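The following pair of complexes shares a single chain, chain A, combined with chain B in the former and chain C in the latter.
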Partner chain A sequence: MSPVLRIAANELRLLARTRVAQIAVALVVALSAVAALTAISQGRESQEIRSRFQAQADREFDGQPARHPHRMVHYGHFVFRPLPALAGFDPGVDAFTGSTLFLEGHRQNSANFGDVRQSSLLVRFGQLTPAFVIQALGPLVLIFIGFGALARERESGLLRLHLAQGVGARQVLAGKVVALAAVAGLILAPALIALVWLALFGGAPAPAVAMLAGGYAVYLLVWVLITTSVSALAPSSRSALALLVAGWAVSAILAPRLATDIALAAMPQASRLETDIAIQRDLKKIGDSHNPDDPHFNAFRASVLKSYGVSRVEDLPVNYRGLIAMEGERLTSALFDRYAERQFAGQREQSRMALILGLASPTLAVRSLSMAASGTDLEGHRRFLQQAEAYRYTIVQGLNRLQAEALTFSDDTNRNRDPEAGRRVRIDPGAWRRTPDFVYRPASTAEALTAALPGLALLGLWAGLAGSLAWGAGRRLARGAG
Partner chain B sequence: MRLGQELRLFLRQRLAVPTLVLLALLSTVSVATGLWEVRRQTETIARIQPLQAEEEKAVSAWVSREGDAGNAAYYTFHATWDPPAALAFAALGQRDVAPYVLRVRALALESQIHEGEAYNAELALSGRFDWAFVATFLAPLILIVLLHDLVSGEREAGRLQALQAAGGSTGLWLRRAGLRLGLAFVALGAPFAAGAWISGAAAGVSLAALGATALYLAFWALVCLGVGALGRSSVANGALLAATWVALTLVLPALAHLLINSTIPVRQGVELTLAQREAVHAGWDKPKDATLNAFFAAHPEWRDTPPVLTGFHWKWYYAFQHLGDLSVADQVAAYRRGLEARDAWTARAGWFLPAVGLQTTLHRMAETDLAAQLAYQDRIRAFHERLRRFYYPYIFNETPFREGDFAKAPRWAEDG
Partner chain C sequence: MPAPCSSSPAIEIRDLCVNRGGAQVLKNLQLTVNPGEVYALLGGNGAGKSTTLAVLMGFLRPTSGTARVTGLDTASEAAAVRGRIGYLPETVALYETLSAYENIAYFLGLSGARPTRSEMDAALDAAGLQAEARTRRTAGFSKGMRQKVAIAMALLREAPVLLLDEPTTGLDPVAAADFNRLVSGLRERGTAILMVTHDLLGAADCADRIGLLAGGVIVEEARPRGEVDLLGLHRRLGEAATG
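== the complex of A and B ==
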């Protein structure tokens, strides 16, 4: 057996007899298993609830009675954001965003009923998911188990004994790294099993699963290397522990919060209410449909009359009111898109800025990778909002077109005065059933993997840093011995 | 004095001053970011009012031409806001995800009141760096650094026996621990006190927040002393204390959250909005008399107004809007009970988990918790009721709504 493996085996034998190590590993493995089980079952449950609600909303839309199409524009539609399969591993921002959106004409509503507003402030303590257990608790267990790996042996003189027996200092260090990496594998095991399970039975894409498994393995390896190196370099085991715990607190606890405040201070965003008002104001500048002499709508009428070769709206072969509705919706939607794009861009900037602090925190780096690969990052929510808005526009314009084509102008104008006209404007409800249902297109695997790249790059950087730290520690150790 | 001597001894230790300075620095930064955030919220609230007035003027310009009160009620939004309490800077709480400014109309309320704010969910996931965070999460770690080797450090330095021989060992340790606890408390609390003074918080509630924090720190000091009394080495104490910290501030609260949310599911929010929409829109297809009679049962004062004969009338429209809200009143109450139950169980968990207890207490005092969010909603509900009652006479008596009438509408500021 090579000396490295012998040292690793010895270390592991020793750890297996140490009560603290036993308890720590057992606890974190148990926590990880509990987290995986509950996260998977909760993910499945909320996915079931959402698809049940979606089915109910689709059924209710299809089942509406004969109506004026504009009534359906205001009846609107509900859409629910489906949970990606890997949300059972890392739910990401799911609890922090609303999962349901009410779509109607002329208005853009917010996604509502996110867990964060429905939970007590306990939600801010962090959620017990496999991702959280490995991101936050995994490194800490490695620190508790590994901080003394070399420091204690040096304090007891055991290290000098090793070296006197002709084992190289680097080999000792490598042996300790291998032993601690084996512990890391144990910590990772329940999460890996959960990932494999999700890939086999939950429909999770294999490349994303591989990316997650690889990413978390690298992340724990970074901590293994840092822990062992600090143990080799620190003047005493006590200062090794203090340094490592402080580093962990900065990475896992302090940096994410600081990143939030820095990003928010650098790029504050307008409140929803201000955006609403700004949109209304811009809209009024383009065209005011309530103003009978509005230049925009006058020009619109003139162009419609011209294209049909008639001189009065009453003579159009289509219902002019429907055309006005379509034009109005076109204007508002263009503004919604413009403002939403601006807001998304601002949020992207914020998130990017927060991620830069991943330079100070491997936890931020792996978190970004994990959410992106799982499809539960902010980009996933944005995708939902954008697709929902596109869907809103499609169905509203479809209904407006029905108003233009299936109704006559005189019926539409007299619907409230003439009961017969009022009856005729209520069109056959088959039209509601023909309206397409909302189909959410999740991020493709390639998109998810691309989104995970910045996190991966940062993690790679950390792996390089930790590797060179270990290399330097080995050199110091060798020099100290020689 | 002996305490002065202890102080000199303590400050001469290598980690003492840097650790305390770090805590004071973190506390100061958190107070500063909190004050900044609160000022931003106050400015937003101040900014929306002229914007809102301008929009109202634009609506009034075309509505008052026709004088149709139904249009006035339909198109006029009314701004509401929830100004941050004086201590909000210390615990920003739910104000990042729940709106503190919201506009409502005299239409059915249940489709308006649950609206959310536009925020970056990735940042919300991380949470804010506020003073409550520093006090709950970081201050105990600092105490652990200061207290884990209180006794064991002396033993390892070979001074323990001499110290014990000098007499009064319990008193000595208590004095030393008290000194460290006191210094940590000052480092943590002084920036808070300054922030409270700047934001004009009442002395009573500020002192209460400091008192709760002092109790929390005292708890951690006792834990440190208890672990120290086991007689292990400094390094074993450090590891055990750090593990205790992880269990009490991360793992057990997360488990409690999991338990509470799965035992008390709240699905009524989505259910009630779906149901309310059905109820409101079914109004279009029901006989008008049935709708109006149901409405008159709740508002008999309008029973004797002229009957609706045309295909459309605003009084019928606003009647079924309100009936939509009434039809889900039970679900609204159930939803709220669910939320309050979650909150109540969290408060109970706070009796066993000091970190949860402190967070609950500080957020209650800062009025940034779920209860504060619900209280704001209650005020919106009351305001909406006043709005409805303001527009009803115009609509039901068919009184023209003119430019001057816009100014008569209820204003949020009067409500506080």
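== the complex of A and C ==
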């Protein structure tokens, strides 16, 4: 057995005989295991609930009686975002953004403009997920186990005894790194088992699972290297512990919060209230279809009459009220889309900036990677909103088209005065059943992996930095023994 | 790695200068210890005793001059040098959750040795550690017991050179006498021993030569087996210690 492996094996034997280390590792492994089991069961349960409610919402929409199409436009429809297979592992922004939208005519759901950027690890402290356990608690346990690995041995003279056997200082450091990495593997094991289970039985894509497993392994390795290096470099074991705990607090607690706040301050977004006011102001500018003097709708009417070669809306072969509804929806939706795109663009910039700030913390880097690979990042939420909006526009315009083509202008105008007209404007309920159901198309595995690459690159950078620190610490350790 | 010369001294220090923290700790130190010889280096605090050991162990690089162990340069061949040295620190640190056997097996394993239980028992017998203590965790071991474990390690390594750092400090008179006997036994086996100590009487009991180190140089050397004025040497040691 090489000296490095011998030192590592001895370190693990010592840990196995130290009650505090036993308790710390057992606790975090138990937490990780519970989080993994919870992730699997809650993921399945949550998915079942969403599927059940989506089916119920579809049934209720399809089961509506004969109605005027515009009544159905206002009846609306609920859509649920299917839970990504890895959402139990890392819920990401899902808990903050919500996964349910109510779709109806003339309005775009307000969640589009929700303040979804506010998520941080502080808020997420309530969620026991494998991602949280590894991101926040894993490094802390590694610190408590590893802070004295070299500092204490230097203080006691054991380091000198090692070197006196002809072992190099870097070999001693490497042995400690291997031992602490084995502990990190133990901490990671329950989550890895959960990931493999999700890949085999939960429909999680294997490449994304591999990306998560690799990313978290690198993340913990970074902490192993940092912990061991600081233990080698610090003047005493006590100062090593203080330095490492302070570093953990900054990296795992403060940095995510600060990164969000800095991104928000550097690229401020309009609040939801400001956005709502601005939208209402712009809506008024679009025009009023009920106002006979409204310039836009007067021009629209003129162009319709001209294209059909008639002089009165009553002479049109289609129901002009349906055309008006379609035009109104087109205009308002375009306005909503503009605001949503502006908001999305701002949020993307903020996310990009927060990612760059990930240079200051490996936790930020792994969080970015984890959410992207799990499909629970902000981009996934935007994808859902955009697809839901496209679906809303399709069904609303379909109903408006039904109003234009299946109803006469005369019946539609007199439906409240003439009971027969009122009966004729009620469309056969088969039309609701023919409305397509909402089918969410998640990001492809390739897209998810591409989104996770920046986080992986940052983690790689951190691993390089931590490796260099360890290399330098080995040199200092040899000198420090004299 | 150059082959050591069998006829060369076990320890050979020539014109050794070491500067630490802006001060010259060793000044052109000359020292030779031959195989089968015990050399006691005496001196007050700050005289340069521990620095000399650190240089010989390869933990410190000389500012100038050379230090060789069995012909190997301690600066450029530190790892090989350590493989030829048995080292007994002033305070022997052992893993407290491991037994004496486990400590010995682990540390010797690092240098590639694989002592059997009977070999360890023989070494521990020679070092004087009671049999019932050998399987116990070393957490409750006294300084003397720890030292015996370290001595057993040194014996098992069969290193040609033994460096002892204040070996009898903190030992009761009986344990110190036992230790001195052990050192004499090692000398008989041909081991070159350099011990740094404050204990003049102990040194006189087992050393072949005594060097008085003061201000980074050996100011006086004596052979206790011949005619030596121990009281005079003790007085001069005190004077050297107080500067």
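Miscellaneous remarks
Going forward, the second predicted complex is superposed on the first by the 460 of 482 C-alpha atoms of A that agree within 3 Å, B and C clash if a C-alpha of one lies under 4 Å from a C-alpha of the other, contacts with A are read in each partner's own complex, and residues count from 1 in each chain.
Going forward, contacts are C-beta pairs under 8 Å (C-beta built on N, C-alpha and C of every residue); 3 or more make two chains touch, one makes a residue touch a chain.
Predicted, not measured: the structure shown is a model, and the values here were computed from it.
Contact with neither chain B nor chain C is seen for A:Arg338 once the two complexes are overlaid on the shared chain.
Taking chain A as the reference, the larger set of touched residues comes from B, when chain B and chain C are compared.
Contacts of A:Leu137 after superposition: chain B is touched, whereas chain C is not reached.
In the overlay built on the shared chain, the residue A:Arg433 is in contact with neither chain B nor chain C. Across the complex, chain C is touched by residues 1, 3, 6-7, 10, 13-14, 17-18, 153, 156-158, 160-168, 478, 481-482 of chain A. Residue ranges of chain B in contact with chain A, taken from their complex: 15, 33, 36-37, 40, 44, 47-48, 51-52, 54-55, 58, 62, 79, 93-94, 97-99, 101-103, 111, 114-129, 133, 137-138, 141, 145, 149, 234-235, 238-239, 242-243, 246, 249-251, 253-258, 260-262, 266-267, 269-270, 273-274, 277-278, 281, 284-285, 310-312, 338-339, 342-343, 345-346, 349, 355-356, 359-360, 363, 369-370, 373. By the touch rule above, chain A contacts chain B in their complex via residues 20, 24, 31, 38, 42, 49, 53, 56-57, 60, 64-65, 67, 71, 74-76, 78, 92-93, 96-98, 100, 102, 109-128, 132, 136-137, 140, 144, 147-148, 237-238, 241-242, 245, 249, 253-254, 256-261, 263-265, 268-277, 280-281, 284, 288, 290-291, 343, 347, 350-351, 354, 371, 377-378, 381, 415-417, 419, 422. For chain C in complex with chain A, the residues that touch the partner chain are 54, 57, 59-60, 79-80, 82-83, 85, 87, 89, 91-95, 97-98, 106-111.
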